[in-house]
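In the two complexes below, chain A is the common chain; its partner is chain B in one and chain C in the other.
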Partner chain A sequence: MLLEATEAAHSATQAVLGLPRGPYFKMAEEIGGHTLGYFMPELIVCFTLCLMLLVDVSDKLRSPRNLLSLAFVGMLAPLLLILGKWGTALFIYPDWGNLAQAAHFFKDHGYVEVAGASMLAFDGFANFFKIFALASGLITLAMLHYDRSLPRKSFGEMLTLVLGSVLGMMLLASSTNLLMAYLSIELMSLASFVLVAFKRSDRKGTEGALKYMLFGAVSSGVMIYGISLLYGMAGTLDIALMGQRLRDVNDPLAIGLALLMVTVGFGYKMSIAPAHFWAPDAYEGAPTPVTAFLSVASKAAGFAGFIRFMDAMAFQSTGNALPIINWVSFVAVLGALTMTIGNLTALWQRNAKRMLAYSSIAHAGYLLIGVAAVAVGGELGGDSGRAIADMGASATAFYMIAYCIMNFGAFAVVMAVAHETGSEEMSAFDGLAKRNMGLAVMMTILLLSLVGIPPTFGFLGKMNLFIAGLEAAQAGYPIMAVLLVVAAVNTAISCYYYFRFLRAMFIAPGEPALVSRPLIVSNTGWLLVGGSALLTVGLFLWGSLFTAPTDEATMLRRTPAPAAAEAQDASKGHAGHGH
Partner chain B sequence: MSATLAAVEVAGMPFKLGTDAYLLLSLLMFSLGVGCIVSRRNAVAILMGVELMLNAAAINFVAFGAAGGGLDGQIFAVFIIILAAAEAAVGLAIILNLFGLFKTIDVDHPDLLKG
Partner chain C sequence: MAAATFQELLSNTMFQYFLVFVFTAFGVVFVILNVDVLGKLLFRPVMPDPLKLTTYECGEPTIGSSWVQFDIRFYTVALIFIVFDVEVVFLFPWAAVFAKLGAPAFTKVMIFVGVLAVGFINAWKKGDLDWVTSIAAHDLAAQKDARLARARQRALETEERRAA
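Let's turn to the complex of A and B:
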C-alpha cells in the first residue's frame, strides 16, 4: 500500500522532473481532454477579482471582513492547487536547498494552448513564481488588515487591485511569448500605480505614484519598441523560436539595441540600476503594505520574466551567436552597479521606509548574481551549462524566499512603530527596546537576515547565491569572481545602515516621555513580525541541520573536467536530482 | 510574401513603399516621443510623448506583420491601442489627483520625496 503510493508519487515526480509526456501529463490530459486544467489557478484569481467587484457594489456584503475573506480564499485556493500539482516534488525531496532544482527549472515545459498558440509554459520555474506571487499576496492581505491608516471604505478596490497585480505576476512567470509577457507586465504595473496612489489625500503617495507611473510608462514604451524590432527580425513573438531565429540575423547592432530596450522594461520592474530611480520615491510614498508588496512580489515577477527571456536569448548564443550582448558581463556589471548604488545611497537615509527601499535595490543586485550564473550556464551550453543555469535559477529563487520573509517582516515592524509614533523616520525607532523588547528582538533577527549573518535564513540564501556564482566563476568566467568580491564588500557596507536600526533601538535614549510608554502591537502585527522572524531562524535551522549532507553533495559540487562531466552525465541519465 | 506593403502610382510609374519607409516613420515618431519626454516638464506632455513611443511600436508591428510576420503583429498593434488607453486613464487620474493636491502638474515641482 505504502509502496504503491510512493511509486505513484515517484512516477508523478519523474514526469514533473523530466519526461515531457510522462504519466502525470497524460493524466491531466485524460481528465480534462484539454490543457485548460493548467490554467485553473489563474482562472480562479481572475474569477475572484470579478466577484470582488460585484461584492463591493452590494452595501450588505461589502464589509472589510467579507472582502478580505474572499480575497484570502481566492489566493489560497490557487496556491493549494499549484502545490497539489507540484507538491510531489516537495515530498520526495524535502530538501530546501534543492527544492528549486528538484523542480528542474527549465526542463520540458507543459504548454497550454491559448487560441491555438502556446503562450504559457507550466514548468517548475513558473510554478515557483506563481506560488511566490500568491504567497506574497496573502501576506499583503494580512498587512492591509493590519494597517489602520488605510481607508476602510475602499477596501474592495484595494483588494481588487492586489488581485489584479498578482494575476499579472502569475501570467508573467509562465509567459513564453513577448505579447503575453508585455501584457502581464502592464497588468501588474497599472494595478500597482493605483495602489501606490491609494491614499488620495496623501501628498507623498501621489508624488511617488506620479514618478512611478511616468517611469513605468516610459520604460514600457521603450520595451515595446524593442519587442517590435525583435519581432521584425525574427518574425515571431515566441521567445524560444525568436532566440533560434535571431542567430541567422546578421545585424548585431540592431539585435543588441533591441535586446537592450527589452531589458530596460524588465530592469524597471526589477528596480535595478540605472532603472531604479522610481523605487525609493514610490516605496516611501506608498502605504507600507503596498511598499512591501511591490518590493517583494513585483520585483520577483520582474526577475521571473527577465530570467526566462534571457535564458531563451542566451542559450542560443552557443556557437555562432548573438555576439553584441555578452549577457554574462552585462548582467554582472548591472548587478555590481545595482548593489553598490543601493547600499551607498542607503547609508544616509533618515526615513526607515526609504532606507529599506534602497536596501531592496541592493538585494536586487545580489539576486543578479544568480541571474548571471544562469547566463553563464546559457553560454556554456550542454548538460554542464544546464546544471549551472539551474543552480543559478534555484539560488535566485531560494534567496527570493528568504528576501520575501525578511522584507515583509521588516516592513511590518516599521508599520507597528508607525502606528504608535505616527512616524516612519529612523528617529521613531529610538529607544524601541525599552518600549517593546520583543519587537526590538524580532527586528534584530530580521536585520541580521537582511545582512546575511548566520543564524538566519538570509545567510543560507546568500550562501547559495555565492555558491552558484563560484560555480560559474570556476567554469571560466573571472568576471563572476569580481562580482562576488563586490557583493562581499557590499555586504560589509550594508552592515552599517542595518545596524543603525540596532543602535537606535538598543542604545539611543529616545524621548523620555515616549520611552516610558510601552509600544502595543496587535495580534495581526505579532503574527506578521513574529511569524517572519521565527521562520527566518527556523528555516535556517531546518536548512542547515537536516539538509546539510545533500547540500554538500549537490550544491557544493566541484566542476569535473569536461570529459569526466560527460561520462558522469551519461551514466546518470536524467532522473534524480537533476545532475 | 514580398516586402512591399503598398503599391501606388507616382506620375504613371509604379511606386512601391517598402518596410523601410514605415520603419523610418516609426523611428521618427519614437525619437519625437523621446524628445518630448526629455524636454518637457509637464506631466501630461510626458504622457503624450509615451503615447508617441507606443504608437511608433504599433506601426512597426503592423509593418513587420504585413511584410511576412503573420497575424501576430496586427494583434499586438490592437493590444497596444488598448493598453495606451488604459495607461492614459490611470496616468491622467494620478495627474488629476496631483493637481488637486499640489496645484501644479509640473513634474519637478512636487519634491517631498528626496534623498
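Let's turn to the complex of A and C:
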C-alpha cells in the first residue's frame, strides 16, 4: 500500500518539479543490478568517518569546530538524501497517518537486493530507522557541542565513534541477513562501549562501560550461537528464507531455543528485561550526550532488527502444526516485565540520569506493545492480520519519534543543570523554578510527555500504542488486554517518579545560596531544550488538530491518500501477501 | 528386528544427544580414573617438595608473582597487529586469483587497503606506535602532577599559617 502511495507521491512531486516521472521502488533485477546508489547514504557516512580520522590528526585542521561541522555534514547529507528520495510522501501528505505509515512495513515492498547477495533491504521500514538514527546522531552532535565537561582534545575520536555507531544502526535497519545483522550490532556496540568510557578518569564511566561490554560480549555470544543453530537447521542466513524453511523442521525445542538465543542479542540492544542490567550503570556513567544517544538511537536500532527478525519468524508459525514459539505471549510477557521492572526500580533512584535510565527501560516495555501487536498480526495472517501488524509497527515507530524528542530534551535539561551545579543528583533540581523558570517549564512539558499526558506528543504516541494493542486484543488475544492493563498501571506508577522532578523544581526550597543565583543556559542549551519542548507540544497540536479523524476513529490513517488510491486499485490484483 | 529398532534409535535426535552424553561422560570418568586414582596408586608416587611445587617456566627460575600490571600499550599494538593480520587473510585469496579478476577486484582491494591505511595513519600520528616517546610523555605528566601536588601543598600551608 505504501509502495503505491509513495510512488504516486514521488511521481506527483516530479511532475510539479518538472522531473522525469518514474516509480521509485524497484527490484534489483529491474535496475540491472546497479544498486550501489541505494547504498549512498551509508557510503557517505563511511567516507566521512575516514575523512574524520585524517582530519583529526592534522594539526592545522583539527579544531573542534571543524570536526563538528564535518560530522554534521556527514550525517545531514545522507539524511537529506534518504528524505529526498523516499520521504516525498511525508511532505505531500503531512498528516500523522502518513508519517506513521511511511514508517510502514516491509512486507509487500520490493526488496532491493545488493549484488544478489540479499544482505540489505532498502524499504520504507529501513529508511525510517535510518532517518531516525541519523537524526538522533545530529541531535547528539549538538549535545556534544553543548557538553562542556568533555575533553576537547579527543573530540575527533568521539565524533568518529558516534558516526561509527550510527553507521551500524543504519545497516542493522537494512539487514535481511542474520550475519549482517550481527555485524551491524557489533559495529554499533563496539563504538558505544568506548563512548560510555570516554571520560577515562571517571570511575563510574569506566565501571559502566565494563559492565556494558561484558554484557554485550555474553549476549552477542549467545546470539551468534543461536544464529549458528538456526543456520544449521535452515541452511541459510537470509531471514525471510530462514522463516520459510524452518516450517519444515520438526524440532520445536531446538528452534525455540535458537530463536530465544537470538532474541537475547536483540533484547540486550533494546535493554528489555531481563537483559537490561547493563543499562542503568552504563547510562549513569556515560557522558550525558552519549546516554541520550544510547537510550534513543541504540534502542531504536535494536527494535528495528528485532521487528524484522520476529516478523519473518512469527509468520511461519501459522501454517505449522507445532507452534514454534508463541511470540505473542513471549513478547507480551517481556513487555509487561520490562515496564514493571523499569518503573518500580526508577521509584527509588536519587540520581537524575539513573532515573531516566530506568525510565528508558520502562519505555522499551511500552514499545513492546507495538511489537506484540506485530506478532498478533503475524499469527493471524491475511488482510486483517496485516492491518494489525502494520498498526503495531507504525505505532512503535511513531512512539519512537515521540520518545526521541522528549528523551533528548530531558537529558539536555539534566545537562544544563549539571553544568551549573556540577551534580546530576535529584537534589540539584531543588528550587530550579526560582533559578530559571523557563528551564523548569520546559522540563515540565518534557516530563508530561514522558508520562503521556495530553498536551504533549508523548500522549499521542502512547495512545497509538494502546490503540494498536487494543486492536490486537479484540482480534482474540486476551493476553494483549492484560498487557495493556499492566501498561496503564505502569503509567500511573511512572507519574510518581517523573513528578518528583516537578516537586523538586517548583516546591522544594533548595539551598538559599544556590537559589538566589540564576541558572544560565547557553544558546545551544536553549536550542536543545526549547526545541524539544516546543516540538513536543507543537507536534501534538499538529497531530490532533490537523488530522482528520478517519472512519476507524484512530489517529492512524488506514486509507491510502487519494492519489494513491487509484494506483492501489490498479495494482490490487498482484499486491498479494508477501509469504 | 533388533537391528531395525537400533536403526530407528540412531535416527532419533534425542538418542544422538544421548550418545554424545555417554561419550563425554566416559571421557571424563576415564581421565579421572587413570590420572587421579589408578595413576596415583600405581605409577606416580606423590612426593612434593618446594622446588617441585614452583611454576615451570621453560627451565628458568621463577621471579616474582605472575600478577603483574600489564602495560596498556601492548593492547594498542595488539589491536593494530590484528587489523593487519586480518588484512593479510583477505589479501591472500585475492592475490591467488588476482590475474583472473583484473581491474575491478584490484580497485576494491585498494579501497579496502586504503580504509585500513586511514586507521593506520591515525594511530601513527596519534603516537600509538612510539613506544619510547610515550614513556617520556608519561614521565613528563608525572613530573607535572608532582609539581601541582607540591604547589597545592604549599598553598595549604600558607593558608594554615595565615589562619594561625
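The working rule: the second predicted complex is superposed on the first by the 498 of 579 C-alpha atoms of A that agree within 3 Å, B and C clash if a C-alpha of one lies under 4 Å from a C-alpha of the other, contacts with A are read in each partner's own complex, and residues count from 1 in each chain.
The working rule: a contact is a pair of C-beta atoms (placed from the backbone, for glycine too) under 8 Å apart; a residue touches a chain by one contact, two chains touch by 3 or more.
Predicted model only: the values in this text are computed from it and were never measured.
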Touching partner for A:L53 - first (chain B), second (chain C), both, neither | second
Given the touch rule stated above, what does A:G285 touch, chain B (first), chain C (second), both, or neither?
-> first
Could you say whether A:D251 touches chain B, chain C, both of them, or neither, answering first, second, both or neither?
-> second
Using the superposition on chain A described above, determine whether A:A197 touches chain B (first), chain C (second), both, or neither.
-> first
Looking at chain A, does chain B or chain C touch a larger number of its residues?
-> B
Should A:V222 be classified as contacting the first partner (chain B), the second (chain C), both, or neither?
-> first
State which residues of chain A lie in both footprints, the one left by chain B and the one left by chain C.
-> none
Which chain B residues qualify as touching chain A in the complex?
-> 19, 23, 26, 30, 33, 37, 43, 46-47, 49-50, 53-54, 56-58, 60-61, 63-64, 67-70, 72-73, 75-76, 79-80, 83, 86-87, 90-91, 93-95, 97-98, 101-102, 107, 110-113, 115
State the interface residues of chain A toward chain C in the complex, per the touch definition above.
-> 50, 53-54, 56-57, 251
Which of the residues in chain A end up touching chain B in this complex?
-> 179, 182-183, 186, 190, 193-194, 197, 200-201, 203-204, 206-211, 213-214, 217-218, 220-222, 224-225, 227-229, 231-232, 235-237, 280-281, 284-285, 345, 348-351, 354
Within the complex, which stretch of chain C touches chain A?
-> 13, 115, 118-119, 121-122, 125-126
